[in-house]
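Going by the order they are written in, the chains are A, B, C and D; count residues from 1 in each one.
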Amino acid sequence: MTETQNLVSLFRETREHTETICKPLEIEDYVVQPIVDVSPPKWHLGHTSWFFEEFILKPHKPNYKLFHKDFAFVFNSYYETVGKRVVRNNRGNLTRPSVAKVYDYRHYVTSELKEFLNTGKITSEIEKTLLIGIHHEKQHQELLLTDIKYILGNNPLLPKYNNSFTENPVQDFEQEWITVSEGIYEIGHNDPEAFCYDNELGRHKVYLHDFEISNKLVTNAEYLDFIKAGGYKDHNLWHAEAWDWVNQNNISQPQYWHNIDGEWYQYTLNGLQELDLNAPVTHISYYEAFAFAQWKGCRLPTEFEWEAAQDQFKWGSRWEWTESAYLPYPGYKKAPGAIGEYNGKFMVNQKVLRGGSVATSPKHTRPTYRNFFQTNLRWQFTGLRLAR
Amino acid sequence: MTETQNLVSLFRETREHTETICKPLEIEDYVVQPIVDVSPPKWHLGHTSWFFEEFILKPHKPNYKLFHKDFAFVFNSYYETVGKRVVRNNRGNLTRPSVAKVYDYRHYVTSELKEFLNTGKITSEIEKTLLIGIHHEKQHQELLLTDIKYILGNNPLLPKYNNSFTENPVQDFEQEWITVSEGIYEIGHNDPEAFCYDNELGRHKVYLHDFEISNKLVTNAEYLDFIKAGGYKDHNLWHAEAWDWVNQNNISQPQYWHNIDGEWYQYTLNGLQELDLNAPVTHISYYEAFAFAQWKGCRLPTEFEWEAAQDQFKWGSRWEWTESAYLPYPGYKKAPGAIGEYNGKFMVNQKVLRGGSVATSPKHTRPTYRNFFQTNLRWQFTGLRLAR
Amino acid sequence: MTETQNLVSLFRETREHTETICKPLEIEDYVVQPIVDVSPPKWHLGHTSWFFEEFILKPHKPNYKLFHKDFAFVFNSYYETVGKRVVRNNRGNLTRPSVAKVYDYRHYVTSELKEFLNTGKITSEIEKTLLIGIHHEKQHQELLLTDIKYILGNNPLLPKYNNSFTENPVQDFEQEWITVSEGIYEIGHNDPEAFCYDNELGRHKVYLHDFEISNKLVTNAEYLDFIKAGGYKDHNLWHAEAWDWVNQNNISQPQYWHNIDGEWYQYTLNGLQELDLNAPVTHISYYEAFAFAQWKGCRLPTEFEWEAAQDQFKWGSRWEWTESAYLPYPGYKKAPGAIGEYNGKFMVNQKVLRGGSVATSPKHTRPTYRNFFQTNLRWQFTGLRLAR
Amino acid sequence: MTETQNLVSLFRETREHTETICKPLEIEDYVVQPIVDVSPPKWHLGHTSWFFEEFILKPHKPNYKLFHKDFAFVFNSYYETVGKRVVRNNRGNLTRPSVAKVYDYRHYVTSELKEFLNTGKITSEIEKTLLIGIHHEKQHQELLLTDIKYILGNNPLLPKYNNSFTENPVQDFEQEWITVSEGIYEIGHNDPEAFCYDNELGRHKVYLHDFEISNKLVTNAEYLDFIKAGGYKDHNLWHAEAWDWVNQNNISQPQYWHNIDGEWYQYTLNGLQELDLNAPVTHISYYEAFAFAQWKGCRLPTEFEWEAAQDQFKWGSRWEWTESAYLPYPGYKKAPGAIGEYNGKFMVNQKVLRGGSVATSPKHTRPTYRNFFQTNLRWQFTGLRLAR
């Protein structure tokens, strides 16, 4: 199978998988935006289609006819270069285009793109953009799941998404410390054949000092001990701005935890369940991850430590907060034009998360992958691994 | 036909009419709450049903079984007595119960209530509550139309609601001043047989001085003159807090007006249309009504002047802002319990509007009806009539 | 003594009295603005001087030389007509001009105005403006006292203002109800020789129904009963927006009340003192006055009832909240130009208070005087009298 | 001279220098807090005194008598461990204690501490705390100057501080690029005899790649070119959150720049002056420093690059924004208790600045000194140096 054929089938699979994720939804679930970080599912469906329309079909497919002249306006996200966008916190007020119409749009774009790919006149430049579009959609697949969880999990009726999603993988091994020795380590993406984002590029040397890192993610049981020990009430464990956040938002437990008549429950995509004590804790902010580590007399690993050690432990069920700020690697240059808005513009006041989560799409993550979020955010499947 | 039979048929018609209003909607349109004052249509459907369940079926129907134990929580509005409510500005984030489920709820309540009414064991106390429930639902019918207009009219695609709604009635007569002479006038509801709200009761005497009132509502053409004369830029015409409102919100025209390439359009429930210059101006705040009157060297009538003169002019297409603050009539007592929360608790910092609008349900308004809103609100079909 | 001589001596006394009020202050006390409603004392000193400079000296005194070209900008308040003003909530950040310089400005203006008045070439128009300026300054004298109380009373050290200010007059008589009979009453200012504000003009007829009004202001003892009975926790007693205000601001007692180890104290201009149970309650909002009256099964009087009955009871120690919204009397026209900005622009969403307070300057109030504030404000010496 | 004698004289000099800085102030200037980041000068005077009282006199001096029991409450800053503090944004509303009283407090503390130091019974632990207190006060000396500049520079009268403060040092040399070679560099404080903060400790190895760094700070002339080229209007140059900051705050130039009739001026501590084109640009946020570097096709250095190269260029007139987030060095542990709240709790969402400024006190900075601020702040004498 040629490279292009691979791409075509990856494209096809990806487009289908996005729709599979949305299968369990009611039409109503597609529409709302309860907080600014959570986008309406129909917006994700439209936005991922718009990406292919805007960056491939419109510039490259001969005689391509836009599905609807106003959809670029509705489905653009933060690409300032491309034009005026719907203000991000207004997305949840747009009842039209309807869900049916958005699916029409998706199918139109998918079909037009398949047709275009079949012409065989695809430059490597276009292939590169296509690959970015596919991975962009994979990222939105994860966001779809976490946004759906937020939409359902903050409804007083606590409806379930489905019966089969496994949020809490088994960690049936003892906690141990992995020792890594001082020295120079190479960091960053290293396979010119394989896809990666621009923020992983610039393979470079980093000097690490001796450290130890846990083979196991922190569990709900351990986190519960932190709560019971008064962790949320001891300012010494928190950053100054974290302490303000805790108090202003009355934070006293991870998101989706419920204490009902003295028993602990967690809302999952399968509905409300008893808290699984052996599962890795999740839906915590960086602030909480840091405070927990302080309380344990440990710390969070840097993203470099994590990358240097990652082949010695299991990862992939939680996005792991690191102590590293999200910054450019040496020699980082953002791509020109709208595609270049993808990563670089967020490289301030965010933290790097490494690994992947139960919601991450297949083949989407890798040892050099750099995820990033603001320090107060909790709606992703975030967790933590200790270092010292 | 007996009184109860009348009531039963009024109940049936009212329940049906509410659903007729929602016929043109897509499911998506039922869900959102773009501003705090606009409720999701499915909330209106549920809330008007909850009212009958809470105040009639639950306390009075033997062995009544609640449709769903959590719906009181979801569909209560501001009845503090009845229990914790969903915070008003969070209504638009609730995708469940689904629209279908809400209709099931409606039909269950309608059917249970019909059954109950057929038993014939209805006390006059219950009849009174039923009548309040029916008029409560009629009020929500008007809100449904104005909320739908807001939801569609603030969507960048400007979808229409239907093709047949007449927003702009013809005013094919000349403007004239009606003269009313100084003296004592009786104000307030006067027909013990007919329904009215508690805020209309307490028929009482008011002394009015000589005044004149226009036979005609202010038109779009006149309002356009005000805009062209710089009315929105002359602080002398505005109250101090109105001037802050104008500047903080960049107000320069009525809601739903669009200036496209120098031409004026208005969004209506039938979609975007050229501005109808002869139609009465609408979707203006009290602040704007007052400023326009100042500019004209006139003033707004008080609600008492309006009531004293109302049989000498045509009214009913716009809710007419008056200069009167919404205050209790002499001897006003609010009813005990949750029903008593209906009117009295809003008697501060609001203005009375008189008349009715193109969106008001049939038989819902009358000469003594007192509508009321905060001074900055514009999403109702508000307008103005000059006095001097 | 001629009319002008009277005016001159009234002017002189008024200017002196303002400075007497400020005598006990430290320089630091002149500078701050802890909340938007409280202005820095030095601003009051400057603003009352600016009024005379702007409206008399500048337009009328030959060859008048401005004290400083930027002071109009610094000391204007809300006179939009006169030019750009320092945003109201920024007044407390201006350390310059210094207090000494502001006094220089005052003395310059006082002296220039005396000189001008001595020329004898004062038209009746100027006299009228002068009289407004004097009464404007008297109003600011009251604000000075209440603003100073706020500045000192919200300092954790609770410093006293002086030792001689009597906040709590004796009410050594029994509570009784005064009965007033239904009929037409004349309302509004009635003495063409005496000064009044434009909002009191338009003597007119009002029809009142039978009512009773208390001869005595509500006392601290009675208000304490309301607190102990759970008045601040019973939503039935409050307007909807008042209930939000209570909860958002955690209101549970009048301003300046302190509960220390179970005992009640009140901060007064003489420092912290035991709560005087016989004194009239003060520093309550309209919301609280209304809720108290509801709890008592009574109501607040309207401003018309108050005016009709006022010669039958003692008043003047508390500004008494009425149920009346602050609205124009029939035939009210605001004066042209900046002077006209004085009253009319505030005639929306405020309540009328009648009477006067322990902080009101001598000869400043009268039976027809209409004071007005927003419904949530408490820093004035406000109180209430019941009606039914 | 012994070590303790050195310390005593350093203490004495430092206390005096703080008061020298305040000499040009009017009493009014000591009181206000125009933005949350700027503290009232009298608060700085009290807070630096409180530090010595709280951490040395109270725990160590026999029979020490507190100057005033409530001053700990008034003058604590962010030391949560020590007790309830005055909310930071309320500092500017406290007119008492008066400036005179605060000076009394200072002199009392100074005198008590001198007396205590003269006893000779000073442990090395106390000496360490004393040294921290002295450097703490030196930091506040810089804040005093920048806060005074803010207080005066945002007054519409633009008063000057004095006539002799040199904000704009001469950079009379050509711009050149200094080349630094790839390799391992040692970073962090290295002199066990000399004072440093805990955040500089943990001398450790960092691997740096080849880079070039400018010998010269970016000048006002260069920055003006950026403005003229539309730098503030090109979203491509800005981080996403920076672009929001620019637009929400209408940022179009450095703080204290004024464009008057087409000419550029800068407010300095000596008053308003023509913009000095050769001076290093100052009062810019990290956001602006980054955008300027992007526009130049360069970047900001990391703090490690800066430290590795700093002996090859002149520094000390501007705090230089680096690309480095403020993070703990390997092995960093914060000290136990309140002293430990000093640095570690701010190690999130801030950027490191290196160097020093014209406002930095003598002997207060050094090559390993790590200053830090949030990315939007501009009231310090911040600037930038390019790398590539």
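By definition in this document, contacts are C-beta pairs under 8 Å (C-beta built on N, C-alpha and C of every residue); 3 or more make two chains touch, one makes a residue touch a chain.
Going by UniProt, the chains are A, B, C, D = Ergothioneine biosynthesis protein EgtB.
None of the values given here were measured: they were computed from a predicted structure.
Asker: What is the minimum number of touch steps required to go from chain A to chain D?
Answerer: So the least number of steps between the two chains is 1.
Asker: Using the average of all C-alpha atoms in each chain as its centre, how far is it in Å between chain B and chain C?
Answerer: 37
Asker: Taking each chain's centre as the mean of its CA atoms, how far is chain C from chain D in angstrom?
Answerer: 45
Asker: How far is the middle of chain B from the middle of chain D, if each middle is the mean of its Cα atoms, in Å?
Answerer: Computed from C-alpha means, the inter-chain centre distance equals 58 Å.
Asker: At which residue positions does chain D touch at least two other chains?
Answerer: As it turns out, chain D has no residue touching two or more other chains.
Asker: Taking the touch definition from the header, please name the shape of the chain graph: line, ring, star, complete or other.
Answerer: Contact map by chain: ring.
Asker: Let me make sure I understand the interfaces: which chain pairs count as touching?
Answerer: Per the contact definition above, the touching pairs are A-B, A-D, B-C, C-D.
Asker: Applying the document's contact rule, which stretches of chain A touch chain B when the two form their complex?
Answerer: 26-34, 42, 70, 73-74, 86, 90, 92-99, 151-152, 154-157, 159
Asker: Using the touch definition from the top, list the residues of chain D that touch chain A in their complex.
Answerer: 78, 80-81, 184, 204-207, 209, 235-236, 238-243, 286-287, 290, 299, 323-325, 327-328, 330-331, 340-341, 345-349, 375
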